[in-house]
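Structures follow.
Two complexes are shown next, each including chain A; its partner changes from chain B in the first to chain C in the second.
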Partner chain A sequence: MEFSTQLSLFSTRFLGIFIEAVSFLLLGTIVSGLIEVFVRKEDIARLLPRNPFAAIVAGSFLGFLFPVCECGVVPVTRKLYQKGLPVAVGVAFLLAAPVMNPIVFASTYAAFGFGPILIGRFVITCIMAVAIGLIFSLQRNPIKMLHPRALMAMAGGSGAAAPQPSAPRLSVGQGIVRAARVATDEFFDMGRYLVMGTALAAGMQTFLSQEQIRALASDPSMSAVAMAIMAFVLSICSTTDAILALSFANFGFPSGSLLTFLTFGPMVDIKATLMYLSVFKRRVVFYMVILPLLMSLLFGIFINLNVRF
Partner chain B sequence: MRTRQWFQAALMLLLGLYLLETLLTGEIAYYINERFNWLAGVAGFTLIALGVINVIALLSEPEQGKEAPKGAPNLLPNAPSVAHGVSARWYVLAILSVPLIFGVFLPAQPLGAAAINNSGVAFSLNVSGAGDQAFSITPTQRNVLDWVRAFSAATSVDEFGGQPADLIGFVYRDVRFEDDTEFMVTRFTVSCCVADAVAIGVIVRSEQAASLTPDSWVRVQGKFEVRDFAGQRTPILIAESVEPTAMPERPYLFP
Partner chain C sequence: MAEKPLSNVSLLPTQRFDRLDMGVAVAVAALILAIALVLLSGDRVGISVRRFVPQGLASSQSVVQITFDEALDPESVADKLSLSPAAEGEISVTGNQLQWQPAQALQQGQTYTVRLAEGVRAHNGRLLLEAHEWEFRVRAPQVVFMAPVDNPIQNLFMVDPNQPDAQPQQITFSEFGVLSYDITPDGSRIVYSELGDQRTAHLRLYDLRANSTLTLLECPTAACTTPAWRPDGGVVAFERSDLNLDTGAGPGAPRIWLVDTTTGIPRPLFADSQRLGYSPRWSPDGRFLASYDANVGGIVLFDFAANAERLIRTPQGEVGQFSADGRWLFFPKIIQLAGTTRYVAHFVLVDLESELMVQRDLVPESDPNNDVELAWLPDSRRLIITRRPPTITTMQGAQLHLIDLETNETTPLVTDGDYSSGQVAVSPNGEQLAFQRFALAKPGARAEIWLYDLTTGDLRLLANNATLPRWLP
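What follows is the complex of A and B.
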């Protein structure tokens, strides 16, 4: 194929994903800016359950309070960390929120109706997020898992915008200006990973053939692997991936593999993984990719082999 | 030196303007499902608002007025003003400029037949969705998506024999189309953004098929006959007329 045709295809896909995702990222950074200004550390400490297990479960349901997809969840999590959210609770929130929120519930319901896929998606996501949160809570010094820069506001330096934790409450007008400047910082800091991830996803869609992946649909375990790869490569927003999963169903992919796609994709994809690097150290990001991968494959293959809907 | 902060503010303003421009020109239809247009609009205005607030802040703040981060002195050795952290480094600004450069300097083009070959997205006659609602539309008013939905929702495709259709789409052919008399009138469906584009189509039989350029837009009118295609009973549109037409303003169908 001619280079100009490929460039044009790449450009269309790149801008398509970017325009879609940048809106959600902006919403996430605005929420993050508002948390920075209007939520105090004491609020988080007061509202969160004392029991670590209960706190992690609460974290995985926090998405119903902050409805964000995987582009918006990263700045929100980072800001909540700066406000003293325990690391393991944040991990559970980060992994679960892109699915465990009202928007995704609505889109999954629209695509599959109320049935095994909808229930399976939410139950499996919740189990995975809580389990991975618990694994991370075993770390004795959790702050070490975070990227130093992610904690800068705790050290008092994320910017002009960052009020000290003990700072008096601001007027609404001042607060909004500060929130806007925090949002600007977050937007550029996260946006660079979003742009790189978008370029990778668009590049893979343009230069790799998906035919072989689709050919794997009939095998119970390989089809789950294929769906996990598709979820990672396509980097589709969790708010709408259910509709695409429906088209995979028509290619003959079994329900378990669809659940792999619907649980792994929102937790881990190219752009989300890159954005995780702005919060966690590299080794931690590795575990945050590999654990959801293995668990979602396990669930998917088990369902393919043992469950008939 | 606050060049970078100024550049950052300008970049946000320009990105916001770009988003609003694609909305106003309608080019947004090449990129995302129209039900997310409002979101792109909100994003555009938000970026502009953030840009304006940053400009006002830059104008009203003293040059070097902010304290250094106490806990992390070595993180930003090159940043003279820590007020904006890592976010205003040149390479970050360069990366965020890329979408703007692509959007402004490359001509906007929707996905075409080349995207099918390349991504290997096989067209399918089993697109999901509300098949029932397709039946409530008058046959000649149905678009490619409505027909494909109706085909997959029908208990037997034989019921489509003799039904009239009037379709617009682009011309697509692959190895399954053995002779010069067949092609597919094809559209992309986009649920969210072009990343999830799926090509769907209706098979057309026409004497003019050989003269049609792949990827060109046509309007096909005719009646369905149910025949064997690649070993399957398939409704095939027997064309009474095939005329070239302009690409619609919204080239994709939104399920």
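What follows is the complex of A and C.
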């Protein structure tokens, strides 16, 4: 393929991913702005269960309260951290929310109906998010996990960060103006990562052969690996990835591999990984990639080799 | 040299890995181990069968189709499929589908058991781990028809013509009615055009093997009618008339469209949207599609193998049928009888095997009979002709005759001046005719379906208040 054609393809794909994702980022930053203004650290402390395990489970279901995809979930999580959310609970929310929300439920139902794929997607995502959240609960010091910029305004949810006095509640009008300001700042802050991630994803889609990845469809173990790579590279928003997964099903990808795609992709893809770097330290981001990868592969391969739908 | 004060120096070694690092390391190791164990324990599912047809009742021409969830290695299936009682047939593999085509017609009334042994292998090496067994019973050919005629909403019914007491079985339950239909040559599926709201019409598929109905093509802004199966069952040709619902201009002229029955993807026959066409008819080998184009004033014969078209000029606007051997196609022509003011219709046969598509009159131009309809017998040598004799007026009934192309002999079959006959459908073995009869002298009469046996001459009523019979092999 000629370079000019590739460049044109790259632009199309870049715009395709960016336009799809940026609306969700905007939604996420608006939610983030509203949290900043209307949610106080005392609210978080009061609403979250005291038991760490129960708190992590609750965190993985927070997506039903804040229905955002993987682009929008990062600013929301960052803001929740600044409001004192424990890091492990935030990780569970960050990983689960892109799937565990009503929009994704509806899109997955539309693509696959009520059946093993829909149930498997939600159950596996919940298990993975809770398990990874529990692993992250081993470290209670947020300074060792969060990026210094994410810590800057953090109020002492964990006890290790500097405590901040509670701000008085604003009137609705003042609150909305302030929320809009915060959302704008968040949008441009996170937008940089989205642009870089989108460019990388579009580049990999353009310059790497997807046909070779699809050729692995028939092998029960390699197809799961292929689906994980596709999920990472394609960086499709979780609200629409079920439709793409349906087309992969028509290519002959087995159900376990589709579940790998549908669970790993919303947790980790190129653009989300770059956005994670705005919240977490590099080492932690690496953990947030490797753990979902291995878990989703385990579930996918196990289902392919042992479960008949 | 001064020593550093001890109080400023930590005696403990720096902790490079914290609890999170250790936890992640353990989790990663455990996950890798678990993946390895899952891989080592091997494939406990193998490939699986997604679909088997036919099940229950099947036609004597039924093809056994087994669909797997993965593409098959053709070499692994040769000795894995068997029928009991034994029947000769040919096994083929296409992608994830295993197919068995009977060499001869299966025995009517016989129950066949299909056995598929374990060990069928997919391309990726996965095996079928369990043997499978299915049964189907071969039914006699049926007659399908539309009824009731006295109701604006008609549906499809099916009846066994060889069981005099058999009651017709309704096979479609359309709210707005069925407009037209066609049956696959193997008797496995019926495609029909179903009326929707705002005069739209959609294409539905009734699969007799699975006793299920699905939508082949939704036409929300058009009327999709007159479906015709390509003989291999892979494509349906149909007429599509845009209803112009947005402009209110009324229905447009029909175009010929095709729809792939596997993917459901439709496309026009001609890229030029101005090309008109109606009455699609497939040649028996599926190579040609004939349709009438009023703009060019003739039958357009589209050759899919050569991606070319040929034209048979005729102003009559009707497309006949291909003979079973694919050599002949007929169409009507109107002639004035010499020395009279009377006009009659005759049929012309087109020899498609000849380079110049030579035309041959079925009867001499001097023949005073008025020919109405024509239907081929399976031997491609004889035809059933529906004609009005010169001794009666054109308002009176058409009668059935047999005409032999080699001898040019015409034999009357069903001739009763009180009735008008038509819409002849010849049974797959060519021994029976199902046709529509209408009692001309009976007040309030409705169309009926009758059965005529060519070998015995027996004639009996099959269904009342019914029309458009076709044979289901």
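In this text, the second predicted complex is superposed on the first by the 295 of 309 C-alpha atoms of A that agree within 3 Å, B and C clash if a C-alpha of one lies under 4 Å from a C-alpha of the other, contacts with A are read in each partner's own complex, and residues count from 1 in each chain.
Please note the rule applied: contacts are C-beta pairs under 8 Å (C-beta built on N, C-alpha and C of every residue); 3 or more make two chains touch, one makes a residue touch a chain.
The shown structure was predicted, so the numbers you read here are calculated from the model rather than taken from an experiment.
When the two complexes are overlaid on chain A, chain B and chain C occupy overlapping space and clash. Within the superposed three-chain model, A:291 lies in touch with chain C and out of touch with chain B [touch as defined at top].
In the superposition on chain A, A:177 makes contact with chain B only, not with chain C.
Which of chain B and chain C touches more residues of chain A: that partner is B. Applying the stated contact rule after C-alpha superposition, one finds that A:206 touches chain B and leaves chain C untouched.
Of the two partner chains placed by the overlay, only chain B lies in contact with A:149; chain C stays clear of it.
Applying the stated contact rule after C-alpha superposition, one finds that A:220 touches chain C and leaves chain B untouched. Within the superposed three-chain model, A:307 lies in touch with chain C and out of touch with chain B [touch as defined at top].
The superposed model puts chain B in the path of chain C at one of 255-263, 327-335 or 381-389, which is 255-263. Residues of chain A touching chain B in their complex: 1, 5-9, 11-20, 22-24, 26, 30, 111, 148-149, 151-152, 154-160, 177, 180-181, 183-189, 191-192, 195-196, 198-199, 201-202, 205-207, 209-212, 214, 234-237, 239-241, 243-244, 246-247, 249-251. The touching residues of chain C, when paired with chain A in their complex, are 18-24, 27-28, 31-32, 34-35, 38-39, 41-45, 48, 69-71, 96, 122-124, 126. The touching residues of chain A, when paired with chain C in their complex, are 131, 135-136, 138-139, 144-145, 218-221, 252, 254, 283-284, 287, 290-291, 294-295, 297-298, 301-302, 304-308. Contact residues on chain B toward chain A in their complex (touch as defined above): 8, 12, 15, 19, 22, 28, 30-32, 36, 39-40, 42-43, 46-47, 49-50, 53-54, 57, 61, 66-72, 75, 82-88, 91-93, 95-96, 98-99, 102-103, 106-111, 114-115, 117-122, 124, 126-129, 152, 191-196, 198, 255.
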